[in-house]
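Read through the structures below before going on.
Common to both upcoming complexes is chain A, partnered first by chain B, then by chain C.
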Partner chain A sequence: MNVTTTRTDRHAVVALQGEVDLQTSPQVRKELLQCLGEAFHVFVDLAGVTYIDSSGVASLVEAFQLARKNGTRFALVGVSDAALRVLQLARLDRVFAIFPSLDDAIAAGR
Partner chain B sequence: MTGGEAAPLVELRFLAAANRLRRVRRIVHGHLLRCGCADACARDVVIAVDEACQNIIRHAYRGESGKIILQLRRNGDDVVVRLIDFAPPVDPTRIRPRPLDELRPGGLGTHLIRQLMDRIEFLPPPDGAGNLLQMTKKIGCPP
Partner chain C sequence: MGQDFAASRDIGHTVRRGLVRIAEAVEAEAASVFLSDDETGEIVCHACAGPVDISGLRLPAGTGIVGKTIAEGRARLVRDVRRNPDFQEAVDARTGFVTRSILCAPMTAAGRCLGAIEVVNKRAGRLFGAADSRLLEALGASAALAVSHARLTAAMIKQEAVRRELELAAEIQRGMLPPNLDDVPLWGINLPARAVSGDFFDILPLGGGKFAFSIGDVSGKGINAALLMAKTSSLFRCLAKTMESPGRLLAAVNAELCETGMMGMFVTMAAGVFDQASGTVLLASAGHEPAVVHRAGAGGFEVLPPHAPPLGIAADLIGPAVPEDRLALGDGCLYLFTDGLTECALGDGGMLGSDGVRDLIERYADLQPAQRVAALAARVSRPDAAVRDDLTLLLVGHRAR
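What follows is the complex of A and B.
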C-alpha cells in the first residue's frame, strides 16, 4: 500500500493506493492524525484502494471524529467500488462526506 | 470432522499475523473464482475470512504467536470456510457486533462477517485445537 500526501496552505490530500488492512492501516492512521494535527482540512483519496478492512475503516472513523472535534473538514473523495462496498456495509457512507472528486470536495467548502 | 464431507478445495496453515493476511486473501479469492463463485461474491467471502482471521489474531491469540488453519470447501450451492486456531477457547456469546449507530473506530469486523455470510457457527474443535469457526455462504451457482 502507498500513502501519498499533498499539502497546500489550505488542505492536505492523503491518497491511498492498494490494500488497507491490519498490516498497513497503522500507517494510514498515523498520516491522517498528523495532517489533522497540523490543522489542515483533510481529504482522503480512495480511488486507488483495492481493498479496505475494518481496521482501515476504523482509521477513517477516528480521523473523522478528530476533525469534527477540531472543527476542520474531513471528506472522502473518488471512493473506489471496493472501498464503497465496505463503507456501505458499515453504514458509514451516510456518515462521511463523500465526493466524486477532489475538485467537488473543494468546491463544496467554498 | 464428519466422515461424509467433501475434501477441502484448499487448506492453508499460516502464522496468526497481520503480514500473512494479504497472501491468504489472494489465495482464497483465486480458489473461490475457480470453484464458480462470481467475483463480487468471492470478494465478499474474502472480506469475511480476513475479518475472522483478524479476530483470531487480535482477540483469541491476543498478540501471542500462534497458527491458523483455513479450510475452504464447496458443499452443493454453498462455500464453507473453516478457521481453526489453537488459542484458548473463546465464549461465542461474547462475540457480538457493536450497534452501528455508535460511531466509534473499532468493532466493525464481526458486523461485516455477519452481513456477508449466511451462517456463522462455532463447532467443536478437533483434538488439540482451541476454536473452530465455520462460515457458510450460498454462492448460487452449480458445483
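What follows is the complex of A and C.
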C-alpha cells in the first residue's frame, strides 16, 4: 500500500493506493491524524484502493470522529468500487461525506 | 564457578557469590562486575567483593579501564594504574582504597558485550599474569551467558504473566456467551482468532416462546476490542430484558457507547426477537454483515442488509431507533455471522465471500444445529482457508430434526 500526501495552504489530500488492511492501516491512521492535527481540511483519495478491511475503515472512522471534534472538514473523494462496496455494506456511506472527485469536494466547501 | 553462573537466574546473588570465588582464584584483593545500562548508556557496578563497596557506582560509557574493556570487548591487564591514562583516580579518592593493578575481562555473549569483570591488586604485592587473564576471560564469558540467560528468563516470566492475564480475560469472556440448549431454537458459536475475542453473540429467553438475540463485531482486535465487546454485550443483556424493540435497543446501545466513546472503535451489531410460536423475527442491524434467511427447496435465500451504520461512531448518526425488518421464517432459518466468515481467505488468495457463504449454508442445511455451525466453522479453519479474524455464527429458528 502507498500513502501519498499533498498539502496546499488550505487542505491536505491523503491518497491511498493498494490494500488497506491490518498491516497497513496503522500507517494510514498516523498520516490522517497528523494531517488533522495541522488543522487542514483533510480529503482522503480512495481511487486507488483495491481492498479495505475493518481496520482500514476504523482508521477512517477515527479521523472522521477527530475532525468532527475539532470542527475540521473531512471527506472521502474518488472512492474506488472496491472501497465503496465495503462502506455501503456497513451503511458507512451515510457517515462519511463522499465526493466523486477532489474538485467536487473543494467546490462543496466554498 | 561457570556452572554457578550458567544455572543461575538470580543475577545479583550469584554474581556476588561468584565474585568472592573469582577473587580467591586469581588471588585479588577486590573484584567487581559492571554491566552496561541500555537505557542510560552508562556502565553500572552491579556487585563487588573486597574491602570497599562500590556497588551502584555509575560511570559514563567508555570511562575508566572497565569502560574501555566493555567498549573494545577485549581483556585489559594494567600492572601499574598510575601510568595508565584511563584509570579513574576519583573512585579511590572517594573510597580510600589504593588501586595498584587491574585485570579486566569483557562479558560477551552472542557477540554482544554486556559488561566486564574486574579484579584489583594481586595479593602479596605480586602481579596478575597471562594465566589470570585467561581464567578471567573464561569466567567473563560464562558470566555473560548467565546474565543473558537471566534476562531472557525475566522476559519470559513477564510474557507468561501477560499470557495468564489474557487467559483469565478469555475465561470471563467465554462466561459471557450463552449456553446452547437443545430445546432452544437458536444456536451460536464464537471462535476467537486470538486469546480474546472482539465478537460476541447472545441468546436470551424472554418467556412465552420468545427469544432476544444479538451478534456483534467490535472493530480491531486484542484486549481493547475484547473490553468493548464485554461492554456492548452487557448493555444488550441488560436492555433486552426491558426493551421489546431491537431497533430502539440498538439506538440505546449507540447512545451509551458514544457517551464514553473510544475514538476509532465501533461495533457492527444486529439484534432481534424471535417468536417461536408464530415463526417470526423482528430484526435490526447497525452496519453488520447482511443476515441471510435460507428456506429449503424453492424458497432459496433472502438477504437482509443493515439499515443503519455501526454503533459507537457518533450519537446523532442513529435516530431514536434503527429501522427493523419483520420476517416470517416459516420453515427457514436465519443465519447471522461476522465478517470472519465472509472474509476468510481461501487457498487461491480469494475470500469466501457472501456467495461462498450461501453455498455452504445450502450444503449443510440438513445438519443438526450443533453440527451445522461446526461444519460452517470447520470450513473456514481448513488448511486451504486461514482463520484470520474472530468468527461468530448464530442460527435463529433452526429446526432440529
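Here is the rule we go by: the second predicted complex is superposed on the first by the 110 of 110 C-alpha atoms of A that agree within 3 Å, B and C clash if a C-alpha of one lies under 4 Å from a C-alpha of the other, contacts with A are read in each partner's own complex, and residues count from 1 in each chain.
Basically, a residue touches a chain if its C-beta (ideal position, glycine included) is under 8 Å from a C-beta of that chain, and two chains touch if they have at least 3 such contacts.
This is a predicted model, so every value here is computed, not measured.
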After the match on chain A, would you call chain B and chain C a fit or a clash? clash
Applying the document's definition of touch, where does A:57 land relative to chain B and chain C: first, second, both, or neither? both
Touching A:19, do we find chain B (first), chain C (second), both, or neither? first
Contact-wise, after the overlay, does A:65 reach chain B, chain C, both or neither (first, second, both, neither)? both
Quick check for you: in the superposed arrangement, does A:85 touch first (chain B), second (chain C), both or neither? first
Pick one for A:101: touches chain B only (first), chain C only (second), both, or neither. neither
Of all the chain A residues, which ones make contact with chain B and with chain C? 22, 53-55, 57-59, 61-62, 65, 89-91, 95
List the residues on chain B that touch chain A in their complex, please. 18-19, 21-22, 25, 43-44, 47, 50-51, 54, 57, 100, 103-106, 108-109, 111-112, 115-116
Could you pull out which chain A residues touch chain B in their complex? 19, 21-23, 51, 53-55, 57-59, 61-62, 65, 82, 85-86, 89-91, 95
Any idea which chain C residues touch chain A in the complex? 217, 219-221, 261, 263-266, 268, 286-290, 305-310, 313-314, 317, 339, 343
Seen from chain A, its contact residues with chain C in the complex are 22, 29, 53-55, 57-59, 61-62, 64-66, 68, 89-92, 94-95
